[in-house]
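Chain nomenclature is as follows: A, B, C, D, E and F, assigned in order of appearance, with residue numbering initiated at 1 for each chain independently.
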Amino acid sequence: MKQDKPEFSHIAKSGSARMVNVSGKQPSHRTARAEAFVRVGRNIAEMLKREGGLAKGNVQETARIAGIMAAKKTAEMIPMCHPLALDAVDIDVTVGEDDVHIESRVTLEGKTGAEMEALTAAAVCALTVYDMVKSAGKGIEIGPIRLMEKTGGKSGRWTREEADDAAD
Amino acid sequence: MKQDKPEFSHIAKSGSARMVNVSGKQPSHRTARAEAFVRVGRNIAEMLKREGGLAKGNVQETARIAGIMAAKKTAEMIPMCHPLALDAVDIDVTVGEDDVHIESRVTLEGKTGAEMEALTAAAVCALTVYDMVKSAGKGIEIGPIRLMEKTGGKSGRWTREEADDAAD
Amino acid sequence: MKQDKPEFSHIAKSGSARMVNVSGKQPSHRTARAEAFVRVGRNIAEMLKREGGLAKGNVQETARIAGIMAAKKTAEMIPMCHPLALDAVDIDVTVGEDDVHIESRVTLEGKTGAEMEALTAAAVCALTVYDMVKSAGKGIEIGPIRLMEKTGGKSGRWTREEADDAAD
Amino acid sequence: MKQDKPEFSHIAKSGSARMVNVSGKQPSHRTARAEAFVRVGRNIAEMLKREGGLAKGNVQETARIAGIMAAKKTAEMIPMCHPLALDAVDIDVTVGEDDVHIESRVTLEGKTGAEMEALTAAAVCALTVYDMVKSAGKGIEIGPIRLMEKTGGKSGRWTREEADDAAD
Amino acid sequence: MKQDKPEFSHIAKSGSARMVNVSGKQPSHRTARAEAFVRVGRNIAEMLKREGGLAKGNVQETARIAGIMAAKKTAEMIPMCHPLALDAVDIDVTVGEDDVHIESRVTLEGKTGAEMEALTAAAVCALTVYDMVKSAGKGIEIGPIRLMEKTGGKSGRWTREEADDAAD
Amino acid sequence: MKQDKPEFSHIAKSGSARMVNVSGKQPSHRTARAEAFVRVGRNIAEMLKREGGLAKGNVQETARIAGIMAAKKTAEMIPMCHPLALDAVDIDVTVGEDDVHIESRVTLEGKTGAEMEALTAAAVCALTVYDMVKSAGKGIEIGPIRLMEKTGGKSGRWTREEADDAAD
């Protein structure tokens, strides 16, 4: 992992945690895309695909809704996050062979943000998948949860793929 | 991973999501312990250890507080969780060589619970560590987030260690 | 409508609003069932039934989840309601010829409650149906929202049906 | 009821619920006016008018405040609603012969909204009236809750009256 | 002021903040009474008394409701507070010659609490009085906010009056 | 105290509480600075300074974080406050000889605000200090809580110092 800016902007010189002051910034169009995995194991993954009819997609749909609602609560949960007016939140939940894959996308126009909102959406979506399937098996793990892409703001576009290539 | 109870208690026969009815259950003493990792890389880990004086521990302390407060909000975030009166929430945050390790412990007396509360505490604590250090480097990953131990309730004590041994 | 207890328990002698003091009461098993209607018109009702495959039930499922989560927030929204630990919340959403019918059921063990929780669940579920379909037509109306049945507590079982019969 | 836009903007092509992406929209001045009724019966209506002195208006005032506070929580309660910065919320509560009439008015400058905020304010105001008077009589009903007027945004001004005339 | 227990129970041996573990405690009946003052000055105090008719008491009533609702949110605001099911919250707001006096009373049955709930109710009630009258004059001050009486729990009954006498 | 604007903008002509309509206003850069005191007594003040190592500053840091998070919740707690997007919140907590001094600073760009946000941050920070040290002594008092400086908006810059000078 490359360290591109060697300081913690959330820690004041006095050593105390603080909200970064964004009052000098201009609002800009910002997006972030994050992903999360829930390692449910082969049996639960099959159950999630098998459940048909009306039921089909209800674990996934409940988790998606929880993730979307959580994105709106990011600043309430993460102490130093700024409250932001989101333009859009969207989440895909896909069941794989032995895991559930979550992709969240957040769009907003603001002086900061989108990254923590996308990660919070993905994390709470993953926790909800866990909650919905945990009666069918213990030992489930969540992770990795990570940023995939970010656009807007001073630092412009960042993608995990290009960052990984650069690191090679 | 062993599947020990092949059904989703959060999905009704009709296929809809539901809160499990716990009205027939007796309240019992319950605990859960979960862990989470934040893969911050070697540079940030060193920065987290280096910051001395008053500052020392402020990223960690902010994250701990966020995690404790999140445990109390579990039922607000996870749609099918029951609201519970927690007896205790405690979180340790330890900086390793290239990661941050989080351990959360939740105690309550109730008809259900502790597991999702401990996982939510660990997850939001991890998201807060991420938020506090993200200005110092991109590419940080969260995970795994997982249950380590659970006691109380009908199913009694479960530990990840014993479950892993049994799976060998 | 029969007036069975001619006073407002939420208004103190001084005329000010207050939370009723329930400290002398014993917790008892309580349930409440409420219903709500959303008058969406024939076209939207048909659209709600027609949408097939994965989509089927997503308006309804989103509304159900919103209602369940709202039940847990009743004491936060209704100023004089007591915070209560719910044992179960369940909601059915059924699409009729020109309306959507919502039935909510709440179970808890407490010194008061269930009635406002069931009504709040039904109301927020109805508002969410409205929000999800409003792009397809204006003029939608919500109502009636009403209690259907209540058990537990000092006053015992009450059903709308029997009350209506008695009123004849 | 006329169906003027035959699709659900809150349902993605994949069939999943989503927040509508408003990032391409310009903020505009928006207002919405909604109403709700609480059918309390003749006795309670008389009690509500009779209570004099300091007390006068306290059921109504408590309900108004609950409605105003709920308008600010709309995006927290209705899963696909955008968080919005409201410019004004005002509510009138009037006691009639056998019912309570609620009118809510919301003003904001945003890319979307006002309609759900006004309806949520009216609904929670009605639920609070219900809660405050329910000790004096069972069988109370809430409804209809409905939009009366909406201005701003792409679709411009809409009033229920004109829509009803057009439908004749 | 007498220091009766020379340690901070909210600080663990490691120096980190923690929720005190109350799992070994038995629930008991607990009450707390707190007061707060808002120094509004003579003019505003007169205005608060003069406003007649329906309006009379609306600043006070709005503040009372805000305080009652805040008591229910204590554990959400104060990081190390336990979530508690309150049995009753009541607040009196009295306008004096040049100040507003607030008295809050909280009753609950729990393993801890009532003290912070009563203080939080009084503080938020005072902040609301401030907000409602601030357009009529700057320089308003809040305070003191303080506990007047506490009963229940291991330490039994405490009153400020007796404590002050003992300190003489 | 000088009364500079003899009316309550939060009370409508009808006497009911209302949110002031800010829709005609232009957003402007606004700041507010407030302070609060916690009278903890000499013993607790010494304990707060003495606690060394990692622990040092944890009561203060927990209180700072609680205050920052509360600033973001102002509109949720104070009924007639507008929801605002804060640009920055910062809080200093200083231990004196027998008290704890809190200074909060809030920056935002909006049509109203900053004053109540700074006061709410200071008040909740003070309540948290109280909660964290109350096990070490009863009789602690909070106050005064007061605005020190305000800039932006129609009324421009106000400082307590200049106002006090003018009052002499």
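We take it that a residue touches a chain if its C-beta (ideal position, glycine included) is under 8 Å from a C-beta of that chain, and two chains touch if they have at least 3 such contacts.
Since the model is a prediction, treat every value here as computed from it, not as a measurement.
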Considering only chains that satisfy the touch condition with chain B, which of them also satisfy it with chain F? A, E
Tell me, which chains sit next to both chain C and chain E? B, D
Check: interface with higher C-beta contact count, E-F vs A-F, is E-F
Rotating chain B so that its CA atoms sit on those of chain D: what angle is that, to a multiple of 5 degrees? 180
Chain separated most widely from chain D, comparing mean CA positions: B
Among the chains, which is located farthest from chain F on the basis of C-alpha centroids? C
Chain D and chain F have mean C-alpha positions lying a whole-number Å distance apart equal to 32
Averaged over CA atoms, how far is the centre of chain A from the centre of chain E? Could you give it in whole Å? 38
Distance in whole angstrom between the CA centres of chain C and chain D is 16
In chain B, the residues touching two or more other chains are 14-17, 20, 54, 56-58, 61-62, 65-66, 69, 73, 79-80, 83-85
Based on the touch definition given at the start, go ahead and assign the chain network to line, ring, star, complete or other. other
Where do chains touch, given as pairs? A-B, A-C, A-D, A-F, B-C, B-E, B-F, C-D, C-E, D-E, D-F, E-F
Residue numbers on chain D that touch chain F, as the complex places them: 29, 57, 61, 64-65, 68-69, 72-73, 84-90, 92, 107-109
As the complex stands, chain D meets chain C at residues 1-11, 14-17, 20, 36-37, 39-41, 43-44, 47, 51, 53-56, 58-59, 61-62, 65-66, 69-70, 73, 77-81, 115-116, 119-120, 123-124, 126-128, 130-147, 158, 160, 163-164, 167
Residue positions on chain B within touch of chain C in the complex are 12, 14-23, 75-76, 79-80, 82-85, 110-111
In the complex of these two chains, what residues of chain A are touching chain C? 54, 56-58, 61-62, 65-66, 69
